[in-house]
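Have a look at this one.
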Amino acid sequence: MAGLTEAQVQDRIREEAKKALASGEVSAVVGWTSTRFEDKTKPYFAETEAECDLLVWNKYCINGTGKFALDDRYPEKKIAIIARGCDSRALNRMLRDKQLKRENLYIIGVVCDGKENAVCEGCQHKNPLTYDVLIGEPVEEQMNAERFKEIEAFEKLTPDQRYEYWAKQYDKCIHCYACRNACPACNCVECYADQYRTGWQGKAADREQNQVYGLTRAFHVGDRCIECGECERVCPMNLPIMRQTKKMLKDINDLFGDYECGLPDDAMPVLGTYKLEDPDEFM
Amino acid sequence: MTLAKKDLNKALEILSKDAVVFAPTFDMIEDPSEGGQTMGEKKFMPYKEGMFIALDGPNTVKPPKDVLFPNVEKMYRYKTGENAEIVEIFPEDTKKILFGIRPCDARSIEAMDKVFFTKDYVDSYYAKRRENVVIVSMGCVEPERTCFCDSMGLDPNNAPNADVMMNVAKDSVDAFILEAYTDKGKELLEQLKDLDGGAGEAKRDVKCSLQINKDPELDKKLAGMFEHPIWDKITKGCIGCGTCTFVCPTCYCFDIDNENYGAEGCKYRCWDSCMFSDYTRMAGGANPRPTKKERLRNRYMHKLSYFNERYGETLCVGCGRCVANCPSHLDISEFIEKATAADPNAETYTDAPGKEA
Amino acid sequence: MARIGVFICHCGTNIAATVDVEKVAEAAKSMPGVAYARDYKYMCSEPGQAMIKEAIEEHNLDRIVIGSCSPRMHETTFRKMLKGTKINPYLLEIANLREQCAWVHTDKAKATEKAINLVQMAVAKVANNKPLTTSTIPITKRALVIGGGIAGIQAALDIADAGYDVTIVEKEPTIGGHMVMLDKTFPTMDCSACISTPKMVDAGAHPNITLKTSCEVEKVDGYIGNFEVTIKEKAKYVNHDLCTGCGLCQTKCPTKVTSEFNQGMSKRSAIYIPFAQAVPSKPVIDPQACLKLTKDKCGICEKICPIGAINYQDEVKYTTEQYGAIVVATGYELVDWKQMYPEYGGGKYEDVITGLQFERLVNASGPTEGHIVRPSDGKEPKDVVIVKCVGSRDPKKGKTYCSRACCMYSAKHAHQILDKIPNSRVYIFYMDVRTPGKGYEEFYDNTRKDGAQYIRGRVSKIYKEGSKLIVKGEDSLIGRPVTVEADMVILATAMEAAPGVEEVVSKLGISMDKDRWVQEAHPKLRPVETQSAGIFLCGTCQGPKDIPDTVSQAGAAASKVIGILNHDEMETSPMISHVDQTKCAGCGYCVECCPYKAISLVEVPGRDGNRKVTKTVAQVNEGLCQGCGCCTATCRTGCIDLRGFTNDQILKEVDALCL
Amino acid sequence: MSIKKDDNWEPKILAFCCNWCTYTGADLAGLNRMKYPENVRTIRVPCSSRVNPQFILRAFQKGADGVLVCGCHPGDCHYATGNYFTRRRFMLMQRLLEYNGIDPKRFQAKWISGSEAAKFRDTVTEVSAQIKALGPNTKFVAPHYDNALQAKEGGAE
């Protein structure tokens, strides 16, 4: 952290949180608090000044905070979100998807130097992209040259190898929908997967339903994925969920040009628009 | 009897001759893109020759409950139209051995038995599977850091409802002491008699990592805390997924649906989760548990209070799976402590120290 | 459970020869929900239909499947038939057993198996059909024509003559457009003004036509039959209700600026009537030029006006009116060749002029009273070069398309020069000569006989030497460079859609092609319609064309409009999208993909959990939706669905086909 | 993946056809008495953009051996722009399916106009031959309950 130590950032977070609550415009500040385990923190809603002192900042602050802004879609007061780069992109995602109103958010941006979380290694946005107040000095962003390395390696396998791999993975899936609930791009009021009566898919957590869910999910979020990696982090069965969504992103990059989501001036998701000069493989 | 550690696979070999033996192991997944196999989760899998048996270390991610209560269970098939008929699908009549399940999981089966066998109703699907199951419980060797079963009234060294109890020998880490608690258990040990190394004493001194401060009357206290402000606070970080329910050994909710194939079809039941929004959603769209607060409250209340009301015991067995796997790192043991400490009549609630209203 | 009737048609032997129709009917009996099934020789015949109707009564059927020819053939027939029964016409599905089964297969066993499967699919779908009703929308019997050139005038006259009110919105102070600027029209050489000004007068005097000159379309809401259009009227500073058009103000106005009408080749006053035959023949003040309005000086016109019609305080006015249909006739403009072709002098030589400037030059009412003279020195040119395809058919610098009218008007210009200037010589540089019109080729032939020299090749450079313009080009037929010393050069510049067409198009929710021409609904079959029902187009806004084509297209557009206005109300197709607003998250991605702008986000009262809130959700305008269903596949929630082709129905079809 | 080769085996091929172009083209093929394999079955949709990619997954799940999505040529869409969305969706979908082990021949999209009866015939004939060569699709298929039961009884997990 350029300039500030972890403890200083934590102090600044608490200070900004208190300031936000004191303004009277904010109902809660969403950040992290400690748990009984030293290497785990949990998302926390500080609602009083005293509770602000429970907010922590350390390398174990890995949970995304952005999605919690959606807990109350019709808030009476603002909600303050302590946002790292990824969290700010999550908020931009939901703003672009018209699920949040910017005036209902107070974003306390924190420059993040990566957490104890695998996805942080490839992070291209350590600096929050959208914020009302920023804690820490912005650092230089690193382009991740290996953004799609894992996908490229996987693409080299034979179709049967790939199928077998995924089938085994989907055998493990327990249908808990943690990946969906943690995902800032999964912001529907009612997920298609919950509409059993429409018959999109069955409720059974067997391989076939899980495959349908996995692919549909990839397709639904693929053109809006902000690459925060929450889906993969929250999966209790450790499915490599990003390996599906990143494939979508890779193809989008290949077919339609450079593409990254969750930026402040986010373009229309590629599946929501078209260009006359798009490549055409169906002649 | 005493079973040498080196004979473990031999023993399972013998047992799998006339039964499917489910034992804890690591799932391996082929991933040639990463140069071969990647190690998956620890889980109960049917024994195969030479399988690595992971009796120590952390508990499995998924409990062994799906052997008795599968994630998806076909119930009956049917035909519609002029030749309408219904054909019941019964569970396979195969003997199954649950080998090496922890006392917490053994206790969870006791709780499931209560649900599926009592109150004048026997669930025939569960019953059919249950009667074919022999439980070989393994006393905890090194409890995970999220374990708190002894605070919930269990003994991590002993599962009274097991058919066979198995512990590490007191004088040797390379041997297990097996003791039959039931006739089924005796039969099983009989099969292993060639491997018997004689009598021995079991090491039964393991304590849970988490010792939590729980009000012995918490069930009654919580019954009066339905509208307590603590619920607002502790449910805030929840993301509303079903992880805790699906990794919980005592969650037994299911939904029934059908799969149609033209004029034919099949009725099946599958796990459901009270953490899902559609769990209580009614046909008209109204939902008595509209937010995660009501849903998580229901789950905690069920585990810690409602079940006591109906069956006289706490449903949570303290296995710690939900604590270890919650994406938001929510912790039921922490809630138990907070609820124990809370003033049941408080108007407000805060986590901040010294500010208890 | 549904009570489905299945009726399998033999179609004589058309189906029965390849498909075992009895077997199909028999198999249908055991399909879920089927209460009755039979086959028959000709289902579409009178007795066939009577038989179906009887079966509906006798077996208490509540929906039917017909296995017959393509639904494209008889779906309407059978829907009409159901109108007389208790079954809603949309509780019908047709299995295509003829065009897509019997006629394309030979193996009877396999064809029969496929036929059964197709019936299975139709049965599965129909079980999930919902009764649909067409709704009717009232038609406002008025039309709006955007653009008052010859296309707009003609369309307006045709509609008005049919008895409907028409408003022409024209951004200039007069109607007339480009045609009235022209001198003669090819190939008949009749006077352009003589044939177009009577039309202008007719339009101005027609009891059913309202002229709104100096006006623009500000906003368009609504849909076919019910457009609500806000029209912006620019400040004219002259009260046209009072003004008698005496023209006194014009003569006294001290400020002179270049005349748009004369293509910059003469001056006009700041208060002006664009040209003598303008309609309305009343002046407006040019606020950029008027001394009173720019510097608060002068004020002569106000003093001199005998009836006090001058009003310097005039402001922009907005009016909102209802229309049932709209015709877009926004016309064209010539490309700005000066930017594109610096090698032709880029505008620095006065004697390099455009075809339209030449029209004014040769026009008896033009700045030179019809004498062809060089703008630089007023001398009569003897050697004139005409360069065609300036900006047209030039992918590198200009437009890829052909501007269509230039070959003919260039021939006309050549003819006029040779006719009016004795001993003159005309050289025409061309790429091809295209004369696809009645009498056009003959006209071109005559021009050549008159002495016009056609040189096949492009002009590479024009520069001045003394008083001469040196035109360097290539004669590609003999493969040699050519140099012509000319007194004047006329450039046949390309047409492009009029400036501001983008705004009109976006306000109307229609589209443009890659060249900025307004997009027609179908290039062959719906050339005057747009994607949006009730909006039509004619004239050069749709693409370059000459006057006869423009006028006939205007008539076509008018007849389409009359076809709509002729009805008191119209039926909308019920097979359109609708939104389940309880599930809609209001992301708005459906709004973005709708080609008809039929979907909008609206605020509705709703519930969040058990709390009452105002939700933003999508809503489909039933008058605009055409039922393509693109939105349904965009919606992740699946809350926008297409009636008649619902997600549920298609999933059931898929299931049935996979049995 | 063991593929059972059976000479009598007929693949199940679903073709989603837009009403205005491909379905018309298919009807025209009928009028001209062109011949093509019986194993192709069309589902009529108003526009290729109506085809939700989830329908494709459903088809494979239910045992389709191949799926075709056909619409008007770009620029000719009856609804002006629908097929441009189709194009993006299914280019990505095809890649995603391939990535998950589905042979790209099993899922194809094609532009076939109302006058291209011969193209319709040739396309479905070709696709049918390709899929016959590939054999039955076993990927993503949800086993019929009878099979599922047998599989379960044959050995747990």
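For clarity, chains are labelled A, B, C and D in written order, and residue numbers in each chain start from 1.
Note that a contact is a pair of C-beta atoms (placed from the backbone, for glycine too) under 8 Å apart; a residue touches a chain by one contact, two chains touch by 3 or more.
Bear in mind that the values here come from a model prediction, so they are computed numbers and not experimental data.
Engineer: Could you compare the number of C-beta pairs in contact for B-C with that for C-D and name the larger?
Structural biologist: Greater number of contacting C-beta pairs: C-D.
Engineer: From the centre of subunit D, which other chain's Cα mean sits the farthest off?
Structural biologist: Of all chains, B has its centre farthest from that of subunit D.
Engineer: Nearest whole angstrom, what separates the Cα centre of subunit B from the Cα centre of subunit C?
Structural biologist: Chain centroid spacing, subunit B to subunit C, equals 69 Å.
Engineer: In whole angstrom, how far does the Cα centroid of subunit A sit from the Cα centroid of subunit C?
Structural biologist: 46
Engineer: Taking the mean of the CA coordinates per chain, how far is subunit C from subunit D in Å?
Structural biologist: The separation of the two C-alpha centroids amounts to 37 Å.
Engineer: What are the residues of subunit A that contact at least two other chains?
Structural biologist: If we look for residues of subunit A contacting two or more partner chains, we find 154, 161, 164, 190, 192, 200, 206, 271, 276.
Engineer: For subunit C, jot down the residues that touch at least 2 other chains.
Structural biologist: Expected reply: 593, 608, 634, 638, 647, 651, 655.
Engineer: In subunit D, which residues are in touch with two or more of the other chains?
Structural biologist: 53, 58, 81, 85, 89, 142
Engineer: For the complex, give me every residue of subunit A touching subunit D.
Structural biologist: 154-155, 159-164, 166-167, 192, 200, 206, 208-209, 211-212, 215-216, 218-219, 222-223, 244, 247-248, 251-252, 255-256, 270-271, 274-276, 278-283
Engineer: Quick one: which bits of subunit D touch subunit C in the complex? Just the residue numbers, please.
Structural biologist: Against subunit C, the touching part of subunit D is residues 10, 12, 14, 19, 23-24, 26-31, 33-36, 38-39, 41-47, 49-53, 55, 58-59, 62-64, 78-82, 85, 89, 121.
Engineer: Quick one: in the complex, what on subunit B touches subunit A?
Structural biologist: 27, 29-34, 40-41, 61-62, 71-72, 145, 210, 233, 236-237, 239-243, 245-247, 255, 257, 259, 268, 270-273, 276-278, 291-292, 325, 327-331, 333-334, 350-353, 355
Engineer: Using the touch rule from the top, collect the residues of subunit C that touch subunit A in their complex.
Structural biologist: 514, 583-589, 592-593, 601, 608, 611, 613-616, 634, 636-639, 647-648, 651-652
Engineer: Name, in rising order, each residue of subunit C that touches subunit B in their complex.
Structural biologist: Residues of subunit C touching subunit B: 1, 29-32, 34, 120, 124, 582, 608-610, 655-656, 659.
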